[in-house]
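As structure tokens, here come the structures.
In the two complexes that follow, chain A is the common piece, with chain B as its partner first and chain C second.
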Partner chain A sequence: MTAAQPTGAAPAPVAPGPRTLAWRRARGHLGLMTGAGVLALILAMALLAPLVAPHDPYTGSLARRRIPPIWHAWLYDSPKAGWTYPLGTDRLGRDYLSRLIYGSRISLVIGVSAMLISGFIGSTLGLLAGYFGGKVDMIVNFFVTTRLSLPVVLVALAVVALTGSSLLVLVLVLGLLLWDRFAVVMRAATQQARSLDYVAAAEAIGCSTPYLLLREVLPNVLNPLIVVATIEMANAILLEAALSFLGLGVRPPQPSWGLMLAEAKEEIFFNTWMIALPGIALFVLVLSINLLGDGARDVTAPENRN
Partner chain B sequence: MLRYAMGRLGVAVLVVLVVSVIVFGLTHIAADPARAMAGENATAADVEAIRKAEGFDRPLPVQYLEWIARAASGDFGRSYLMKEPAVELVVHRLPITLSLGVMALAFAVALAIPLGVAAAVRQNSLVDRFALALAVLGQALPNFWFALVLIVVFGVWLQWLPTSGSETWEHLVLPAVALGYYATPALMRLTRTGMLEALGSDYVRTARAKGLLTPSVLFKHALRNAVIPVVSLAAVQFGFMLGGSIVIEAVFSLHGVGYLAWESIQRSDLPVIQAIVLMIALFYVVLTFLADLLNGWLDPRLRVAVA
Partner chain C sequence: MGIVRRLGWVGMAVAATLAAAPAHAQKAKDELRVVWRNVIPNVDPYFNGLRDGVVFAHHVWDHLIERDPDTFAYRPGLATEWKWVDDTTLDLTLRQGVRFHDGSPFGAEDVVHTLNYIARPENKALYQRNTNWIRNAETVDAHKVRIHLHRPFPPAIEFLSLPIFIFSRSYTGPEEQNKRPIGTGPYRVAAIEPGKEYRFERFAEHYEGSPKGKARIGKVQVRIITDAATELAELLAGRADLLWYVDADQVPSIQRQRNLRTVSAETMRIGYLVLDAAGRSGADNPLTRQKVRQAILHAIDRKSFVDNLVQGEARVIHAPCFPTQLGCDDTSAPKYAFDPTKAKALLAEAGFPNGFRTQLMAFRSRVWTEAIQADLKAVGIDAEVNMLPVATLIQRFQKGETPIYQGDWGSFSVNDASAIVSTFFKGGEDDYARDRQVKEWLDIADNSNDVAVRKANYKKAIDRIMEQAYWVPLNTFVTNYAHTAELDFRAYKDEIPRYFVYSWK
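For the complex of A and B:
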């Protein structure tokens, strides 16, 4: 045994635990690493927005309206484009890059908070349904069916518009609408975990139900929960953008990417780049979150890859 | 089967009732119907007068019962602004949204099933990877932005297709693509999973062993089984599309139900909002009910499990 090992190498450890294995798989997973990397970058950008953004996102100047982005100087010899406003300015003369950077804050805040609320509601319902089964399961199932028959965009739009849109209302409405997948996935995972030996053992030695749910079952259903969390965070971000795009979400002059797209829509025949940039930003953010989620699923449950 | 169907029907009716309570509650808590009815320039006295005259000062449960009784007979009240029955407004706009939904679903299915089958048959091949990459990218694409991109490319640059209005079927092509592609990844993944499972199952192996040709095995045996869950997902997706078409209709100025909803929401036209949300919910419930029946009919095991 020892002879087969090169001298100086660490002694062969006991078989690596599941966590070490998952971590190794994670490092070798291209999608996961790309997603995590890009997301970390966007996160850093959002946190350090005042330091990173070259200009104030709210103040514009009528003298500097609609300056095209820097590549217009290279491709079309545009005399106006330059490094002062690398991604150009909007129709009010506000720096597009700074607005995009500050816009990431809105997307992330709404995405994370809505995900936390819906995650709490959905996983509680799912946990109860999966653990108790029977009547509880039927009731939760009914809640999920009811929730699914409410058209999300329409209801969110109506409530946000009628109550007067604010960030808080937006987060609450999205949080209250997006919990269904959490409940469905949690229910299935809990049913599986419930039949495992150690849960039965804990039950047999007389552990209380709350203890069983929180200490025995919950830690074992966290992996699918993380995957759903990424899906719903991406969902909330896309919905916020759609609501703001329809003029009934985040209010101007906030630099929400959806709102920027609504403003750019007026320029669709003249300044296509104005539409391209916030859309690409949204796409990249959502894609990185999805890649992270897909990767997390592959790494934690490689058997479910297909 | 009858017991199963009755059970499902009972749940469906209950869901619609609960949804109606939610819709009524939300519109009456989030907005003041008297104020919405009076309009922006009304004085406080006007609002109070309307509140009395229309009975908005009565307890909410009483108002709800009156509202739901009328709604059950198809009367959702009159639009505050257009002074027409809300239901007529919705029904008038329904054909556009329905044709948009049907075209979008057709586009999604036409893309998803062949791609899913090909990906499963050649698992881990280039086709498979391409299909999965397409699914990941498609899911991250905001549909209203994709709609704008379609307008720029096909409407402004190439000028192949019209970008607003709804006079001909060509007006619906770009909106249908923008609405339909979002359902493609889920349908494609489900087709692929179902096909993989079916291809690995005993009956397909038996069919192959009996010397049946691959295409016949593929389509007669494997696909037929793989497609069952896809059909019910497609029904559900169709329901989502009707609810989600609001964004697409707004981008393309398609005057369908979604556009009507957008206008009504901006003007606090509560009867129309209530009618639209409830009708879409009803539509979704009917679709899932039919999908349940279809599944129960195709797979007798389900009847026992749920009933």
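For the complex of A and C:
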């Protein structure tokens, strides 16, 4: 835990501060910069979807269905491909590019919200277990074990099948199912931090337990959480795609990437691009999030690097 | 021509050569490998309504009377002669020397046992329309039977030659039948794994003079693969010889494969939406209003649906029956043109200016259903799409749980409007209209021996169904088959592939 020194330890005037150091490391970190750059691009695309998307992602014309993407004009002399629909149209004649752009919104919304919910639940439980130990730890461990014994996909499928699916249900289900890593990591980090001198000092001068938890322990155990958060966000995005692919996630005509994969399933042999494009989109998004998380870990806690 | 395209052709040629090898081996093994899409709940033809089940039955069992698949003329099957004694009594003389797969001889007792079993309502044959016209059957002598009808039923011979299969006297019901099906048909069942695989072997003692003829290919293996893409993978990899219900979009690409062929054939099947006019899925739901239903008819661009999605010879229809069926007359029924503006106006008149939310349930094709969804959305109706496996969906449909059901019906290939209109509009589980007037007309039409009376009453019923907009008739069907070039295949307009006719080239 050297990256974020306790606030009391003022840096020597000549040596650069930890933040400056971290920033320097970040700029030199190829993975982090690539991940952050791509993610920023996707984020901008999602936020500006109505401005960026060339067509309405929901309405198409059956007469213009299955137009191949622009490179089919260059490589295969396809007469139908053209710049009007640079990535072609789907089986209902909707613009593929616009659907991919709008699809990023769904992936990001689900990824971020599921990550926030599971992060909140997991870190609260982990913090309590790590700080108090004893019975609290036992109870939290019981919850974690219970959660770990539930197959995520199966439970998500069952819940969605029972309640019907909507964006809210999906976010809640994923949020409530993905908190275990947060709890485990948080618990271990808190146990370490709890026995450190500055916590003991704060305890000795009579700080209240909430103060100790929130001001002394929490800020110093956040680093490992960043990595877990990115992993879980990527996980939630992939799960959403899987559920949508199975017809139990986002409802058509929403342009979820998983749903786009499902809709193009039958084209896998002869129109590979239809299934490849949403697949690539998912791959790029998840990769960029993972690169970002990995980089953040390297930058903030370089001693953990392996 | 782009270089990549050329490379693509080379790749395809290589793939074709690789895939061709197993097909040759298949010819040597004399085993036809077929893939079906749907899980048949029970192979007993009286207890499932799936086309796959109908095909199964046509291979394992025989009819008293067989209908020629090309001319639709009746030919002697298990009965060599049949004669109407009066409007409600039919005498049949049975063929002698016929044997069941287990070696037991066929006789009047088998026919009487089968017909009496299925005619009893408490035995709950799934589609009562197929069987409830029979009152009972009795033995006249060892090779003669007499069938009594409740009321005159003119399409009786048609039904005897399609949905009515004859079982053996040892038949005890669907449970046993699903384990050890015994029939007289050209193939006997060698192995059965429900929901997974069926294996058939040629039945060498299939009776002489059968209109079906003896099976040419020794063995047939049917595997059930519920996913269209996986099915196609099997065909492309040379692990299957015959597929059906192939996605129309893939047909041209499959046709380009050197070792594969495709056949597209119009069939008696029609596609439609059933609107919950009776409020079975929820009393007083918006679909119970006539104007809402009419709005839906105006909202759907059926022409574009047929041309772009169903493709091939498919046509738009304006009545809830197949055009060649006796009594299927849409001349005076209202025709609803594609007109979203009018649809919106009708919705506003019905009290839904901003549309409403509902559910659209289907099984056949996600793309087709989403196209309907998009058309409904354009006039403000927000229909949540729910794709389900066919057997599950039919159960929910019959329970009254589907606000809008997108289905299709092949009428068991019976060329008579009663096989569809009277199945869906006579107050049974499949009826979402529950219109007494329609039922009355259908009763007259179903049970009159006068063709003119029948036609007039079906017409009245169809007119009312379309005025009330109980159904949205969509299209006639085209069934697409894909098979290895090795197989001498042909499609039939009654949508029953006949494996016993096919042979290797």
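Note that in this section the second predicted complex is superposed on the first by the 293 of 306 C-alpha atoms of A that agree within 3 Å, B and C clash if a C-alpha of one lies under 4 Å from a C-alpha of the other, contacts with A are read in each partner's own complex, and residues count from 1 in each chain.
Quick note on the criterion: contacts are C-beta pairs under 8 Å (C-beta built on N, C-alpha and C of every residue); 3 or more make two chains touch, one makes a residue touch a chain.
Just so we're clear, the structure is a prediction, and the values are computed from it rather than from any experiment.
Contacts of A:F269 after superposition on the shared chain: both chain B and chain C are touched. Taking chain A as the reference chain, the count of touched residues is higher for B when chain B and chain C are set side by side.
Of the two partner chains, neither chain B nor chain C is touched by A:S195. When the two structures are aligned on the shared chain, A:L62 is found in touch with chain C, with no touch to chain B.
When the shared chain is aligned, chain C comes close enough to touch A:D77, but chain B does not. By the touch criterion defined above, A:D294 lies against chain B but remains apart from chain C after alignment on the C-alpha atoms of chain A.
Comparing the two interfaces of chain A, the one with chain B and the one with chain C have residues 247, 265, 268-269 in common. Contact residues of chain A toward chain C in the complex are 58-60, 62-63, 65-66, 74-77, 91-93, 247, 251-253, 262-263, 265-270. Across the interface of their complex, chain A is touched by residues 1-5, 8, 227-229, 232-233, 236, 247, 249-250, 253, 301, 304-305, 307-309, 366-367, 370-371, 373-374, 377-378, 384-385, 387 of chain C.
Taken together, the chain A residues at the contact with chain B in this complex read 31, 142, 145-146, 148-155, 157-159, 161-163, 234, 238, 241-242, 245-248, 258, 261, 265, 268-269, 272, 275-276, 278-279, 282-283, 286-287, 290-291, 294, 306. Interface of chain B with chain A (complex): residues 11, 14-16, 18-19, 22, 26-27, 30-31, 136-137, 139-145, 148-149, 151-152, 156, 192-193, 196, 236, 239-240, 242-244, 246-247, 250-251, 258, 261-262, 265-266, 268, 273, 276-277, 280-281, 284-285, 288.
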